[in-house]
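Two complexes come next, and they have one chain in common, chain A, joined by chain B in the first and chain C in the second.
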Partner chain A sequence: MSTGPVATESATTPLRKDKPEIVRERRLGLTVRGWTIVGALLTVLFLELAPRLGLVDSFSLVPLSAMVMRAFGLLTDPEFLSQDLVPSLLSILVAFIFAVVSGVLIGLLVWRFDWARKTLDPWLATYYAIPTFALYPLLVALLGIGFVPIVLLATLFAVVAMISSTVDGLDGIPRSVLRLAAVLQLDPFQRTFKVLLPAALPQISVGLRLALSYSLIMVLASEFVLSTSGLGHFISNAYNDFAITDMYAGVLLVFVLALGLNFAFAAALRPQSKRVLS
Partner chain B sequence: MSLSTAVTPRTQAGRSRGVLASIGWILILPAVILIGWAITAATVDSLVFPGPLQSLARLGEDLSEPGFRQSIVSTVTLLLAGWSLAVIVGTLVGFALGLSNFWSAVFETPLFALYSIPKVTLYPVFLLFLGIGDASRLTFAFFHGVFPIALLVMAATRSMDKNFLKLADVLVLPWYTRLRLILIPALLPSIVTAVRIAFGLTLLGLILAEMFSAQSGLGRELVSNVANVRVDHIAGQVVFIAILAVIPGFALRWGEKRITRRYGS
Partner chain C sequence: MGAKVELRDVDRVYGDVQALSPTNQVLEPGTFTTLVGPSGCGKSTLLDIIAGLNKGNGGQVLIDGSPSTGPRRETGVIFQEAAVLPWRTVLDNTAFALETQKVPVRKRREIAREVLQRVGLSDFVNHYPHQLSGGMRQRVAIARVLSTDPDLILADEPFGALDEQTRVVLGLELLKVVRQGGATVLFVTHSIQEAALLSDRVLVMGARPGKILLDLHVDLPPDRDPTMVGSPVATALVEQIWTVLKSEAQRAMVEQGPRS
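Now for the complex of A and B:
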C-alpha cells in the first residue's frame, strides 16, 4: 500500500474470485466480454470514420487505417528500427534490469537493518509525489544528451516501486519460514536466494511489472522531451514537422508495445505466483 | 508497511518527542544527498558542476524575478485545478462503476490499459485539439491523474458490503446519513490513497507538458535553462520543485495514515 499502483494491482484480484458468475451474466443481451468487444469496435469505428466524415478535421486526426498502414511501414523501415525502436527497447531493458537488481538489494537492506528502514521508509511512500522527471534537464546538462541520462532517470523512477514491493514481500514472510531458515543454518547467500526471495516472490513480481512499466514510461518521456533518437523522439519530431500520420503511427506503436509488454508479463507471472501460493 | 511508530507515546511530551524523532529520520536521507552533492562538487571543482550553496543562491535570484514567480503561480494553479478535477471525476466515475460488479468488470480492462500506457506520447494530440496554452496543460494533467483514482475507488466500492445499502433502503435513511454511516467509512481510506497518488501523477503530467511546450510554468523554466547550460539554475529549480512536491506529499501521507487508522482498511 506504499505505492499507489501496487494498490491498483489489488483492484484486479477480487475480480478473479467472482468472475464465474459475472462471465455468465448478461446486461442488455451482452456479457462482459461482449461489452468489451463492442466498446473496442466503437472506438475503432470512431477513429476510422470521424476524420473521414469530417467530424474531426483531418489535420488533427487521421483515420485509424492510415495509422496502422504507416505503423507497418515503419516496422519495415530499417532506419526507424535502428534509430528509434531499438534504442528505446535497449534503454527500457537496461533501466529495468538496473532497477530490479538495485531495488531488490536495497529492499533486502531495508528489511534487514532497522536504520535503513527508518531512513528510507518515510521516503518510499512519498517518493512518487516528487516529479522525478524534473531531474532530466539536470542530467542532460551534466551528462549530455544520450543513452546514459535516459537510463539513469528511468532507473531512478522504477527502483522505488521495486524497493517497496520487495520490502512488502519480505515483511509478509511467515515467521515459521524464517525459523526454518535459521534451523537449517543456511549461509546468508543461500538464505537470501533459497528462502527469502522465493518466499517474497508474489509481491516481488508485482514490483517487476511496475518497474517494467515505469522504465517504459520514463524512457519514452525523456526521449519525447529532449533526445536525438528513440520512439519518443520520433513522435515529438513528427509533431514538430506536422507529420501527423507519422506521429499517430508512433503513438500506436508505443501503445501496442506498452500493452503487449504488460499483458505478456502478467501472463508469464500468473503460473509462477500460483505455484508459490499453493 | 506498518512500521512508522513502533512505540506509541502516550503523554504529550512523549508524543512531541516521537514526532521530532520521526522528522529527524526523515531528514537523514536529504542530508546525506546534500552532503554527497557538496563533496562531489568540491572534488570535481568544475563550472558545469555547481555545489548546493551556489545552486541555492541562483534559486534565490530566480525567486526574485517576476517571470519565475509567474511560472510558480501558473504551475501551482494548474496543479490544484487538475488535481481536484481528477479527484472529483475519478471518485464519481469509480463509485458509479463500482456499484455494479458487471459494469466494473466491463470498464476495468480499458481503465487499466489507459492507466498503464505512457500517456506523454499522447500530449501532441492534446496540443492538436486544444492548442498550446493552459487548456491543454490542464487537461493533460487531469488525464494523467484520473485513472488510478477511478480504479482505486471502483475497487473499494465493489468490495463494500452492499447489504448495508439495502438495509439503508429498507430503513429509508436520508442520503447524508448513508454518506456518514456507510459510504465514508467504507470508501474514505481508498479515496485518500487515491488522492495522494493522483497528486504525484498530476504534477508529473503537468511538468512533462510544460517541458514539451508551454509559455510558462516550472517545467518551461527548467528546459529554457538547458539551452544556455545554466546548470546552477537548473539544480536550484530542481530542489525547489522537489520541496514544493514533498511538503504536500508528506501531509497527504500523514492524513492517509490517520484516516486508515480510524476507519481501518
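Now for the complex of A and C:
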C-alpha cells in the first residue's frame, strides 16, 4: 500500500462511514471532482483533436463533434428510433424488471430458508467468474435469435446482483427489528413489505444500480450477435459497413444512456439513503 | 387493568446448559417487577418465554388464566436496542403497531400524537430516527408500546445502552406512564439501583442453573423520584441484592476457574 501524505492525513482524521463524498480532499491542488473534470476535458479534447490533427487516421476515429452531430441526427431518425433505440430500451427494461422481481424473491427465500442458502451459496459466490455470455450459442439453439434470448441472457446476468444485495440487506437487519415483527404478529405479507424489504432497501438499491448496468451491458452485447435490431446491432452493423461515424454515434448514445440511467438512479435513491441508522 | 402472569414450572435448556430451571412465579396485575442478575443467568430467556418469543421446554405461562401460545397483541415488548424503523418518521414509527392492527390512518396518528406527548416527543413527530439521540429513539419505542394500551409490558434492558442520567430519567418516565395505564411490568436490568428505584418488587436471579434466588418487596412510595436512590430503604435493598450477587459471582468464578 502506498501511503502518500494525503492518505496518512485521512487515516488520522476519523471519517464518518455514512459520508462517502469525501471529495474535499485535495491532491496536487485539485479536489477529486476537479480531477474528474480535468480528465473528462482532456478526453474530449483528445477525441476532437486527434483525428483532426492526423494523430489517428480517420478510419479509426472521427472527431467528437462529428459523433455528436450524427448522434443527434439518429435521435431524430424515426427508423433508428423504432428499429434500434426502442427495442434496446425495451429489452433492457424488461430484463431489469425480471431480474429485480425474481432476484428479490429468490433473495427472500435464500435468507429465509437454510436449505435454499446452502444450495445457492456456492453458485452466488462463483457466478460472476462464469462467463454467462458463453451461453449464447446454447440459447440460440434453444430459442433462436431475437428478443427472448437477449432478455433471458440479460436477466440471468443481472439477477445474481439482485439476489446477493437482497440477501446482504436482509442479513443486516437488526435482531430487534425482526423481533418487533414477531411481537406485533405481522402476517407474512406485512412482514415482507412493511419490515423486511424497506429495511433491506439501502443494500437492495445498490443491487438495483448494478442490475441496471448489467442488463444494459448484456442487452447491447447480445444484440451484437443475437439480433437483427437494437442499438448493439446498429453499432456492429455500422462497424461491418465501415460506417465509422454511425458506429461512434451509436457508442456515444450507449455512453450517454448508461450514464444518464445511473445518475437518474442515484438521484432517485438519495433521499432514502440518508434514513439509515449508523 | 394489568394482566396477571403465572409461571408454572417454566424452564429452558440449551444443549446441556440449563438456561432456566423450573420457575414458579406470579406477577400480580399492575405491579412493576424488575429482574436482575449476572449476565447469562437467563433473564432474557424468561422474558422471551413470557413474551411468547421463546418456547420453554416445559411448564406453562398463564396470562389472565389462559395458557400463552405465542406473542399476543396486548403484550408490549421493549428491546435493548430501540426497535425503530429508520425509514419511518417518529409519528409513523409510533403508529406502526396500530397500523399492523389495521387501525385507520387518522385514528392511529391521533393516538400516536397523544402518546408522543406523554413521552415528551411532541416536537419531533416528523423527525426520522437518525435525527434522534439513543434515548429519544427508545422513547419512540416506548410510545409505540403505549399506543396499543397494553396490559403487560416486558422490557429487556431497555436503557442498557444509555448513560446513567438518561437512564434514570427515562426509567421514571416509563414508571409514570405505566402507572397511568395500569399495566403489569416485567423489567430486566443490569443496574441494581435502577431496580430499586423503579420497582415494587425485585427478583434476583443466579446463573447455572438460571433460577430466581431472591424475591424482594420494595418499600418505597408508589410515586418515585431520583433522590430516592439515596434513601435508607433503597440503600439497604441494594446492599442486600449485592451480597447475593457477589457470592453468586464468586461461585461462578470458582466453577469456571479450572476450565479456562
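As a working rule, the second predicted complex is superposed on the first by the 241 of 278 C-alpha atoms of A that agree within 3 Å, B and C clash if a C-alpha of one lies under 4 Å from a C-alpha of the other, contacts with A are read in each partner's own complex, and residues count from 1 in each chain.
The rule is simple: a contact is a pair of C-beta atoms (placed from the backbone, for glycine too) under 8 Å apart; a residue touches a chain by one contact, two chains touch by 3 or more.
This structure is a prediction, so every number in the text was calculated from the model and none was measured.
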item	value
Which of chain B and chain C A:V32 touches, first, second, both or neither	first
Partner chain in contact with A:V94 - chain B first, chain C second, else both or neither	neither
Chain A: partner with more touched residues, chain B or chain C	B
First, second, both or neither for A:L269, with chain B first and chain C second	neither
Which superposed partner A:A141 touches (first chain B, second chain C, both, neither)	first
Touching partner for A:V68 - first (chain B), second (chain C), both, neither	neither
Touching residues on chain A, where the partner in the complex is chain C	174, 176-177, 179-180, 182-186, 190, 194-195, 198-199, 201, 272, 274-278
For the chain A and chain B complex, residues of the former touching the latter	1-5, 7-8, 10-12, 14-15, 18-19, 22, 25, 27, 32, 35-36, 39, 59-61, 117-126, 128-138, 140-142, 164, 167-168, 171, 213, 216-217, 220-221, 224-226, 231-232, 235-236, 239, 244, 247, 250-251, 254-255, 258-259, 262
Contact footprint of chain A on chain C as seen in their complex	51, 53, 70-73, 75, 77, 79-87, 96-97, 99-100, 128-130
Of all residues in chain B, those that touch chain A in their complex	1, 3-4, 22, 25-26, 28-29, 48-49, 101-106, 108-110, 112-113, 115-118, 120-125, 127-129, 148, 151-152, 154-155, 158-159, 190, 193-194, 196-197, 199-201, 203-204, 206-208, 211-212, 218-219, 222-223, 225-226, 229, 231, 234-235, 237-238, 241-242, 245-246, 248-250, 252-253, 265
